[in-house]
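The first chain written gets the first letter, and so on, giving A, B, C and D; residue counts start at 1 in each chain.
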Amino acid sequence: MTEGAKKSFAEKALDLDHRILASIVFCIIAAMILYPVSIPFPVSNYGQNFYDFVHSIPAGETIGFMLSDTPSTRPQLEPSTTLSLMILFEKDVKIIFWQDEFMGPPIFTDYIAITEDLLGRELEYGVEYVDLGYVAGEETGAAAFLKDMRTVVAGVDVDGTNLDDLPIMQGINSGGDFEYGFFNVACRCTEPMYVRQWQQPYGTKVGSINCAMDLPAITLYLATGQIKATANGLLGGAEMEYLTGHLGTAYGQTLAVSFGGLYFTILVILGNVFFFISRAGGRRE
Amino acid sequence: MTIPLYIVSILGVWMIAEYFLPFLNPLVPTTDMIRTYATILAAASWGLGTAILCLAHGRRIYRQTKDPFWGYSVMFLICFLAMLGAALTQGLKGTTYLWFYNYIIGPTGQALYSTTAFYVTTAGYRVFRFRNMDAAVLLIAGMFVMWSVLPLFTGPFPVLVVIAGWINNVIAVAAYRGFVMGVALGIIGLAVRVFLHKHREVLA
Amino acid sequence: MSVITQGRVLGFAVLIIVIGMILYYLQRAAGGKLSTLRRLPQIDVIDEIIARCVEMNRELWFLSGQGTMTYATQLPGILSTFGILAYVTQRCAEFGAVIHHPTMLPVAYNIQFEIMREAYELAGKPEEFDPLDTIIYMPAGASRPYVANESWRRKPAGAILTGFWYHFTIIHAEALQRAGAMTLGGTDTTHNIPFMVAANNYSMIGEEMYAMSAYLSKDPALTSSLAGQDVGKYIVIVLTILGMIAGAAGVDVLTWFV
Amino acid sequence: MAVTLGMIVASWLCIALYTMLYGDNPVSRTAEHVYMGFLAAYEVVVNLNFFYTKGVLQIAKPGGAGYIIPVILGFMIYLRLNESTRWLYRYPMAIVIGSVFGVTVRTTVFSQILDQVKGNLPPIAPLVGVPPGQLVNNLIIIFGSLSAIVFFVFSRELTGPERYVHRFGRLILLAGFGATYGNTLSYRYELMAGTFLVNMFTPPEILPYTFGFAAALAIILIVVYKTGLASWE
């Protein structure tokens, strides 16, 4: 495009500074978070299935939970994770936790504290839950850990207590000892890895808590039942809040995100309209 | 160069065979041990990238480079040492260590990743064009799915959930099923090539 | 006790057949009979992009994505960039287009450097390879401002994006599009394929990129393994169609998966 | 809830990072390096702690003599930094890569191939005795996935009707990736909303600090750029 040539309106519009576009989205999201309005929405069948799956776990069962959230995804996944934990602990389910990513451990501690707030009581460490800490090694680590937990974590929990001294760990040493399992993989797209290393060899019924981005990539596992249910990102969190009656942060955020999406839709339409007008005006890319 | 490549081949084939052939069961404790070792080694290898990064920043300071300005590298090393010091003196549950995690690493990481939302927004205006049939199919399907997860759209138009549910549960399942099978076969093919020493660069 | 663990027989058979076919094609390739691959339309796109760069006398940019080379699921994408890089560099050298490659892969930098140097030698113009500018290493944090600012300043006429990509896809593709480049993008990370397709003029989806690498490099190992994998795909297709018919006829097909 | 120093630091760092959207500037560069410094140290601390507690400490325990092997190999990884001892780094990496390929390939053939074939067959996708809508959906899933596979067949030229299958496969794949596209878009906005909510706007008492800093930073940057002390690019 030569300098000085007279530009049509559409071309000028397409050259709009990206800083203006970015400032507008900043303002929209900020305003919607500061002044939220609530809009009722239908619960998707993913949300309902996940809620039912959490409820289908029999009372008193011991389950495995790979809980490794990251700070970036925490606002989206915190509601679905902590509310599932609340339901599970209310049913006296015993949970064995570990993390497969180095960002996870401090967030895990926070999640337990939040769950205790929701329950209104202290959870008893070693009886109701245990934290086996961070397990390195990605796929090899997951395979080794689920085959023989005690060897990989050297027979101790995150604080160095011997696992054989903890009542919850009696008779549990491999992924096959869990009838049910959960994993919160945040945004790492490692769901297929847990299908490969946990569901496939041991037949455990697994549920996934993941960010929205991963949903289409796991619908095929949902269809075959390799993953039983999924809490899908922020919407999953909002649905859990709605279904359990603990309306909170996720419900408020969905609206801000909605307006972000609306703004994006308008921009794509405008961008294409201007693009085709300027192309019809004679100039080609 | 050849011995490590043979280690890769032998370990790989052994671990595959062990899964299928029960008469190898007596060897399972050994394999478990090797996998545990691999896990420990994977943890150790994380330090390598950090070491290279620190050396690169150290070199910048030593040479007092103009572009990128070496002062940033000083900043980097100060922060690096602060976190390292907090962890070494207080352990992984110390208050200073957790303060750094909660108020510096977490928020900045979040902010850094969320900038992609701005880039996506501007890209939506400037590059996402219905330039051909392929892009049009992708963009239209994408728009329906995006609307279906936003209450602002699904509240007034519940039919969006039905449409997006169909895209997610039928079209996406079909597409990803084909794609995933291809990728799985690709990994098998890659493993065979690595075991046959055709990809020496994996141990570069 | 059975020879093969109960319930894993069919999987073992499929694995053995696929591996066996790859070995068979490799054997055949060693005997001089290379398996043929379908010609992908994107190969002409590469030539078109290079021609555009020569015509406009501007640079061609090659971006090879991110990722770590110790993780099995990221390796195929990273390895597939090497074959494409060698071909593109050689063509550029032959036609006289300037290629610029800011790489974000610390471990692969040495390998890519050698690949590009050799390609210039093969084209007979080793003196045109500039070790300081043809390929440079950019750490992940520095690459974002670098690509955004430099592409705007140097205005490349064409760009090829391949490899394993994270969220940088859209940032880099948009920057290059804004600079007026004709782009060809390919990746195998599922959540970034859509952005590659939407933001680039031409795209390669997942395995197309591996096939491209195999086709361009004429490497017997790559072509043979692709041919072997295709046998696996035929098995899947046959199994599905047979199972569909038998299932419709009332046979319990699950008993096949022993 | 009272505003603590930590909340102000977090909020200000976020704003400092966001300034990079308006051009490369010293403020965002500094914030980025702060992040990289803390993250690098955190990453290495957590992982080497695993190496130390699960590896080094095990040697002294009864029956733990074998752990001397991974510990020595673990140190060998760092010999890569020296050009003359670089080759020793290949031994530990060989164990890591060999195990990864072993454990991946042996189960991928089930969960990603055979179980997906099962997903195309009854009882998961039956063709007989189902309502017409379901039948159509199942046929789309079966033939869609087969077409997508055909799209990735490279060792033969596609002729005649195969070309249409190939074309259909590409469209199915693109529509499927469209679903990812839509979900990823909403995920990006979720990230942004989450950052705002958690770091910049909670508790409400922090708002004056957040907006005050944002305004001050904006004024400083505009002055700097307008007076030519630095440029946008």
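Rule of thumb we're sticking to: a contact is a pair of C-beta atoms (placed from the backbone, for glycine too) under 8 Å apart; a residue touches a chain by one contact, two chains touch by 3 or more.
Values in this document were obtained by computation on a predicted structure and should not be read as measured data.
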Query raised in the report: For chain C and chain D, what is the smallest step count along a path of chains that touch one another?
Result: 1
Query raised in the report: By number of C-beta pairs in contact, which two chains lead?
Result: B-D
Query raised in the report: Just how far, in Å, is the C-alpha centre of chain C from the one of chain B?
Result: 18
**Report entry** Intercentroid distance (Cα basis), chain D paired with chain A, Å
**Finding:** 13
Report summary line: Here the gap between chain A and chain C, centre to centre from mean Cα coordinates and rounded to Å, is 30
Query - Distance from the mean Cα position of chain D to that of chain B, given in whole angstrom - result: 4
Report summary line: Multi-chain touching residues of chain B, meaning two or more other chains, are 16, 19-20, 33, 35-36, 38-40, 42-43, 45-46, 52-53, 68, 92, 101-102, 105-107, 109-110, 113-114, 116-118, 120, 122, 126, 128, 134, 138-139, 142-143, 145-150, 168-169, 172-173, 176-177, 179-183, 185, 187-188, 190-191, 202
**Report entry** Residues of chain D touching at least two other chains
**Finding:** 18, 20-21, 32, 36, 42-43, 46-47, 49-51, 54, 93, 96-97, 99-101, 103-110, 112-113, 116, 118-120, 141-142, 145-146, 149, 152, 170, 173-174, 176-181, 183-186, 189, 191-192, 194-195, 198
Query raised in the report: Residues of chain A touching 2+ other chains?
Result: 18, 22, 25-26, 72, 74, 102, 105, 135-140, 143, 152, 192, 212-217, 220, 223, 233-235, 257, 260-261, 264
Query raised in the report: In graph terms, with chains as vertices and touches as edges, which category applies: line, ring, star, complete, or other?
Result: complete
Report summary line: Residue positions on chain D within touch of chain C in the complex are 20, 24, 32, 36, 93, 96-97, 100-101, 104-106, 109-110, 113-114, 117-118, 120-123, 126-128, 142, 145-146, 149-150, 152-158, 170, 173-174, 177-178, 180-181, 184, 233
Requested in this report: In the complex, go through chain C and note every residue touching chain A.
Outcome: 71-73, 189-191
Query - chain B partner contacts - residues on chain C that touch it in the complex - result: 1-5, 8, 11-12, 15, 18-19, 22-23, 26, 69-70, 72-73, 75-76, 79, 82, 106-108, 110-111, 139, 142, 167, 170-171, 173-174, 177-178, 188, 190, 194-195, 197-199, 201, 203, 206-207, 210, 221-222, 225-226, 228-229, 232-233, 236
Report summary line: chain B contacts chain A in the complex at 32-33, 35-36, 38-40, 42-43, 46, 92, 98, 101-102, 105-107, 109-110, 113-114, 117-118, 120-122, 124-126, 128-130, 139, 143, 145-155, 158, 161, 165, 168-169, 172-173, 176-177, 180
Report summary line: As the complex stands, chain A meets chain C at residues 138-139, 189, 213-214, 216-217
